[in-house]
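Labels run A, B, C, D, E, F, G, H, I, J, K and L following the written order; every chain starts at residue 1.
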Amino acid sequence: MKIMIINGPNLNLLGIREPDKYGNVTFEAYYIYLKEKFPEILIEHCQSNVEGELINFLHNAGFSYTGIILNAGAYTHTSIAIGDAVSAIKTPVIEVHLTNVFAREEFRHNSFISKHAKGVICGFGLKSYALAIESFF
Amino acid sequence: MKIMIINGPNLNLLGIREPDKYGNVTFEAYYIYLKEKFPEILIEHCQSNVEGELINFLHNAGFSYTGIILNAGAYTHTSIAIGDAVSAIKTPVIEVHLTNVFAREEFRHNSFISKHAKGVICGFGLKSYALAIESFF
Amino acid sequence: MKIMIINGPNLNLLGIREPDKYGNVTFEAYYIYLKEKFPEILIEHCQSNVEGELINFLHNAGFSYTGIILNAGAYTHTSIAIGDAVSAIKTPVIEVHLTNVFAREEFRHNSFISKHAKGVICGFGLKSYALAIESFF
Amino acid sequence: MKIMIINGPNLNLLGIREPDKYGNVTFEAYYIYLKEKFPEILIEHCQSNVEGELINFLHNAGFSYTGIILNAGAYTHTSIAIGDAVSAIKTPVIEVHLTNVFAREEFRHNSFISKHAKGVICGFGLKSYALAIESFF
Amino acid sequence: MKIMIINGPNLNLLGIREPDKYGNVTFEAYYIYLKEKFPEILIEHCQSNVEGELINFLHNAGFSYTGIILNAGAYTHTSIAIGDAVSAIKTPVIEVHLTNVFAREEFRHNSFISKHAKGVICGFGLKSYALAIESFF
Amino acid sequence: MKIMIINGPNLNLLGIREPDKYGNVTFEAYYIYLKEKFPEILIEHCQSNVEGELINFLHNAGFSYTGIILNAGAYTHTSIAIGDAVSAIKTPVIEVHLTNVFAREEFRHNSFISKHAKGVICGFGLKSYALAIESFF
Amino acid sequence: MKIMIINGPNLNLLGIREPDKYGNVTFEAYYIYLKEKFPEILIEHCQSNVEGELINFLHNAGFSYTGIILNAGAYTHTSIAIGDAVSAIKTPVIEVHLTNVFAREEFRHNSFISKHAKGVICGFGLKSYALAIESFF
Amino acid sequence: MKIMIINGPNLNLLGIREPDKYGNVTFEAYYIYLKEKFPEILIEHCQSNVEGELINFLHNAGFSYTGIILNAGAYTHTSIAIGDAVSAIKTPVIEVHLTNVFAREEFRHNSFISKHAKGVICGFGLKSYALAIESFF
Amino acid sequence: MKIMIINGPNLNLLGIREPDKYGNVTFEAYYIYLKEKFPEILIEHCQSNVEGELINFLHNAGFSYTGIILNAGAYTHTSIAIGDAVSAIKTPVIEVHLTNVFAREEFRHNSFISKHAKGVICGFGLKSYALAIESFF
Amino acid sequence: MKIMIINGPNLNLLGIREPDKYGNVTFEAYYIYLKEKFPEILIEHCQSNVEGELINFLHNAGFSYTGIILNAGAYTHTSIAIGDAVSAIKTPVIEVHLTNVFAREEFRHNSFISKHAKGVICGFGLKSYALAIESFF
Amino acid sequence: MKIMIINGPNLNLLGIREPDKYGNVTFEAYYIYLKEKFPEILIEHCQSNVEGELINFLHNAGFSYTGIILNAGAYTHTSIAIGDAVSAIKTPVIEVHLTNVFAREEFRHNSFISKHAKGVICGFGLKSYALAIESFF
Amino acid sequence: MKIMIINGPNLNLLGIREPDKYGNVTFEAYYIYLKEKFPEILIEHCQSNVEGELINFLHNAGFSYTGIILNAGAYTHTSIAIGDAVSAIKTPVIEVHLTNVFAREEFRHNSFISKHAKGVICGFGLKSYALAIESFF
């Protein structure tokens, strides 16, 4: 079982950016925790602020991994191209968000990814990633 | 740790209604499985097709339980009153859906509950309930 | 041949409410007439002002009756849950309205039921029910 | 009792066009059946693909016939002019559709005719015409 | 002079729910105050979280009381059926709200009741009920 | 000076259709009056209920007449094609309406013709035609 | 206790304009009645048809009076500037309307003032002013 | 026969402002021409850039003049209050515009005045005023 | 190989109408060129300004020709009926436009035909027809 | 070099109104500072709460000054007439706002002035005026 | 004659991604065919999933090539920046799509490129590229 | 004092692209001028056509520079991700545009950046950058 976590724009600032809102744990720290919590799974991780790089990541992992966990950040709401990539690949994709996007601005309520994802988990902070991994069992 | 699962309209037909779409497991059968899987938690369950009854359930559980897992079915998309009830109580509420509502009709993309929920989990079938319980740990 | 007529909110006032608009015949009186006109059919009737009760009625009749004639009144325009119930059951449903809803306010032009109904008949007053019964022959 | 049936665009293809969707009975064949079923009524029929011709038909029949049964096809959704013609004449008009237009594309949900019609019957295939005739008794 | 006060969903939590927003006086306590303030009037009171129950209350009081004071809570914004009930009865109805609904979310600005009410009073907390009673003198 | 008056759908019923709204003078009678009032002008007149015929009329008159007075009736609000024809010809076109279309239904407020017309005159009954002729002096 | 009543456009015609709709009592006459009914309060009154004058009135009274009762007439629906003025001053403002604006045209349903007002009272004719004064006790 | 011409904002710049678009004739010059052309009519004229002043002008002339010709300029599209004033007075009002407003920006296509006006004339430059006077004969 | 070219409203003016925009070649002249360029194909051509005539043309050619090239002009954007005809016939239809409709007014961006067409070619002037023919090889 | 600063509604309250939001410096105080900072420029200033007065100010300065700095306050978002005045005059106009209007309510995002202004500066408090003057060098 | 083909996001998966929908020919294979079919033209090709890279490609080819054939994939519908790049360069651009985008989801009907393109060709699969090349002859 | 200027898509073409619209000065030339004009400030500059690169630039400068001047070009109107980056960093950002974007197409009126920017300056050509620098004094 091989799972790829793909993080999108501004998520490299996690732990630095608005810590009262997003906490002060970096994704790298949480990533170590995840690997310990699920020792039987091969978990990998990549991040980019570039929309097209996320598409490349999806293409690369999308025909051989067991699952992809995708937090596309703000591109969730604007990128038809990422949605198309999710639809084009074979690996099932779980869409996650740290915050409850539905409790935020109107323009964050639409997702071009959800339609092609297997499921959506949002609002549980970093724990959203762990729940997504659980969903593959 | 005491968790209340509240199911809304038409969910009493689970296992009977469109089995190719929703599976042929009834909620009662899954409920037994859940109790076995999480023996350390007190899990309770109630269902109604009446919008106001769901509000009553939320009021009753909303000041003493550890968590509420709410699948409000189609009322999710039309009931400001249930959203208000979720906001009025003290117990955190997780919104769940069996299907990926974002891959369905436009009118199922809006939720009056999400805004007041702690998080949202959808698209994992009955497993959505188990993931919601996990989120309380 | 067994047909269930389900009437929704405010239809219990028929004959009393705005008689110049809806006539002064009560549904009960018309119900007797219908039974006489179609003696070979078992016709039953129930009414509720509660949205969830209408869903219960649909569930109860929806797996054993030949047909259901549903006048959901104002819930027609707001209830996704009743639409889902119509979709979930096996018995075909005919949507009827006393008045021509399309000649009334804009918000009465949308129906969450029509999509799942076998057909729609509106604008013929109480005769709409008789035409709906005819449609089953 | 004299009734005029007016059919609009593409209805001349009935029985030929997409038979799995519309059946393989031509309107002419059904027309013979209708005349036999209602021998006491004078039923006439005309068809055109031209919007303005339908207006002419309405003007011609609209001051002397007992009733008009109008299936304006796709013009139903775009023609204010046909709606005005229905409003301008004296004979009551019943709007019919073979299919349940509300279960089809969004742009077929609006009708400029309904507002001026006596009633609407849709979704019963060719039987819609027979029910419309019944409504005049 | 006989006045019926009808309260809708979540108003049973008044004094308990978000006291910093709605105050810590229960409706029952205020109800006693109202009866003392207007000793010459027969004031009655009922509450339900069920939409259809509110319709029943309106039907019951709507042909014999002098006035009805209706706080339909969140159903104000979604219930065409309650609006129809207000329109169907004979007793004049005053729509009241504790908070200034126009200073809240967009979806609380629409009311299906106002159109059929005699008047609207909102934003004065529990005093809104007293002003509504004054309006009948 | 040669002026063509082109009338669109349902205007052939003028004097017959809803006389309390449109008066009981036929266009033919008014046409005689117009010719007497403006003896120095050659006034011609044509009418059709067919949208494409109105386009033909515009093409025929649009390169040789001094002016065209166009009452396109309900096609005003739906026909981009007539608007294109007005734009394609050389003769200036005055758009007229008997009634004040802006005091009627919302869907009569848009005109695809106005944008290409020289001017618009509406609301003066049959006198609208005379004012349009005056505008050419 | 010092209260300023500010009336907006066309309210100077009260008693003259459409008496069957607005009654034939002038505001001046009612003003005398109000002063008699509340002898312990200093009530003042001003009116203007000019939007900016109403802003001046609000500025003048807005830092020293106990309350302001504002009937901004049609400016209610279009004036962000008056809304800003209400927000900028210190004195609480009650928004009143003679008629039930929600039962009138769509464009009268929006108010730029409500958001900043303490409360809203509408639909009680001239009595709306008296109820507004009551609300200050 | 006494006719009042009321001009709104920016019309005082006529002849100075964008002469290639509006011509270089001032309204005063045209006003002299109008008085000569219609010697049998008493024509008066007033102008203001202030919305409320236009309302005052309408009130002053609206109960004693034969007709009012109103060019409310840009207030046409934003002022519900002027529309109300037109509706409140007794004298019939003709709405005129120099340019064809329908061939201009989208936000100039709506008019709050048209609904209450007797008729609308636009697009004929200054001649629009003369045609409006003709309409009173 | 038999191809039918169907041209819609105002295309009969090609070469005459706004030559700086559409060129000064008539369709007839281009038609001769097309026949010479593709001598191995039987190319036919018809034109009408009448919407219903275009439907007739589609019905006539739609069950026996190899392909149809349809330039429905302005009806493209308003005619659901032509779209239905394209859907009802068997021959594949290529939608063409002389100009790039997407670079023109908003209301020309919607097409009721595209959905049922095999492909769309626009913006190449008369060459659009030649490219459409090429597409059948 | 002669520059006119025109301030609109509620800006006379600057320094008094919501000081935590707008600061406690009055415009008069800042005006003195501006004159000292730019001694080589003739700076003038006027303010009104009346929309039409602002139009008068624009007309008066608009044909002889080097530049106009316009803070039209809330009229920015509702006044087509002020926008027309800016367009009608010759002097270039810079639109300024104290606050970043784009970070405020939706209805403050539209401006009828921007389209005709030379440039827009907002969000720098009173410094916005100084930057606007700089832009003329 | 030098033509650049620029392909956007997900087009690198052609032949692999959903072969029943897009065929199993890779673009590279088709590219060889194109070069053989048009031996007299210099055809080049580049692809990227990164929006900004496509802009770079357009800048690089846009001042020296005879033509550009752009299939911007999903960026077609969201990228104003690519539209601006097409507008900024000198080489004419033909917009192509493999599928008939108008027969797909609503959000694929808008294109920010079409407005600046010379023409649009869509729905002919890989043949769309060959037709685009033909258009340059 | 250290200021970073970040330029977005197509701005590398400045001086080359449409010189009659944007002038023929390159940004590099202007950049030298800026450094000379403000010798006491450290001004740096970077440009990319890639959305994600702009986010990287913002992250890099956003925790140590005094100010950022951001001209995000067309990404201004579509990129929620850049808006999030502006919100996530600590350095204040001034949004600038060369042209008055509000006088251009509707889709350029929305900005996802403005909401998080300190201020907005647009319409002054390259001088917009100088004014933005001034704003930091």
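Throughout what follows, a residue touches a chain if its C-beta (ideal position, glycine included) is under 8 Å from a C-beta of that chain, and two chains touch if they have at least 3 such contacts.
None of the values given here were measured: they were computed from a predicted structure.
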{"item": "Fewest hops from subunit D to subunit E - one hop per pair of touching chains", "value": "2"}
{"item": "Chains in simultaneous contact with subunit C and subunit K", "value": "none"}
{"item": "Same-site or different-site touching of subunit H by its copy subunit J, using the half cut", "value": "different"}
{"item": "Distance between chain centroids, defined by C-alpha means - subunit D, subunit H (Å)", "value": "47"}
{"item": "Rounded Å distance, subunit H centre to subunit K centre (Cα mean)", "value": "54"}
{"item": "Whole-Å gap between the CA centroids of subunit G and subunit I", "value": "62"}
{"item": "Subunit C, residues touching no fewer than two other chains", "value": "50-53, 78"}
{"item": "Touching pairs among all chains present in the structure", "value": "A-B, A-K, A-L, B-C, B-E, C-D, C-E, D-F, D-I, E-G, F-H, F-I, G-H, G-J, H-J, I-K, J-L, K-L"}
{"item": "Subunit J residues touching subunit G - in the complex, by the definition given at the top", "value": "8-10, 12-13, 16-18, 48-53, 73-75, 77-78, 107-108"}
{"item": "Complex interface listing, subunit E residues touching subunit G", "value": "100, 102-103, 109-111, 114-124, 127-128, 130-131, 134-135"}
{"item": "Complex contacts: residues of subunit J adjacent to subunit H", "value": "50-53, 55-56, 59, 63, 78-81, 83-85, 87-89, 112"}
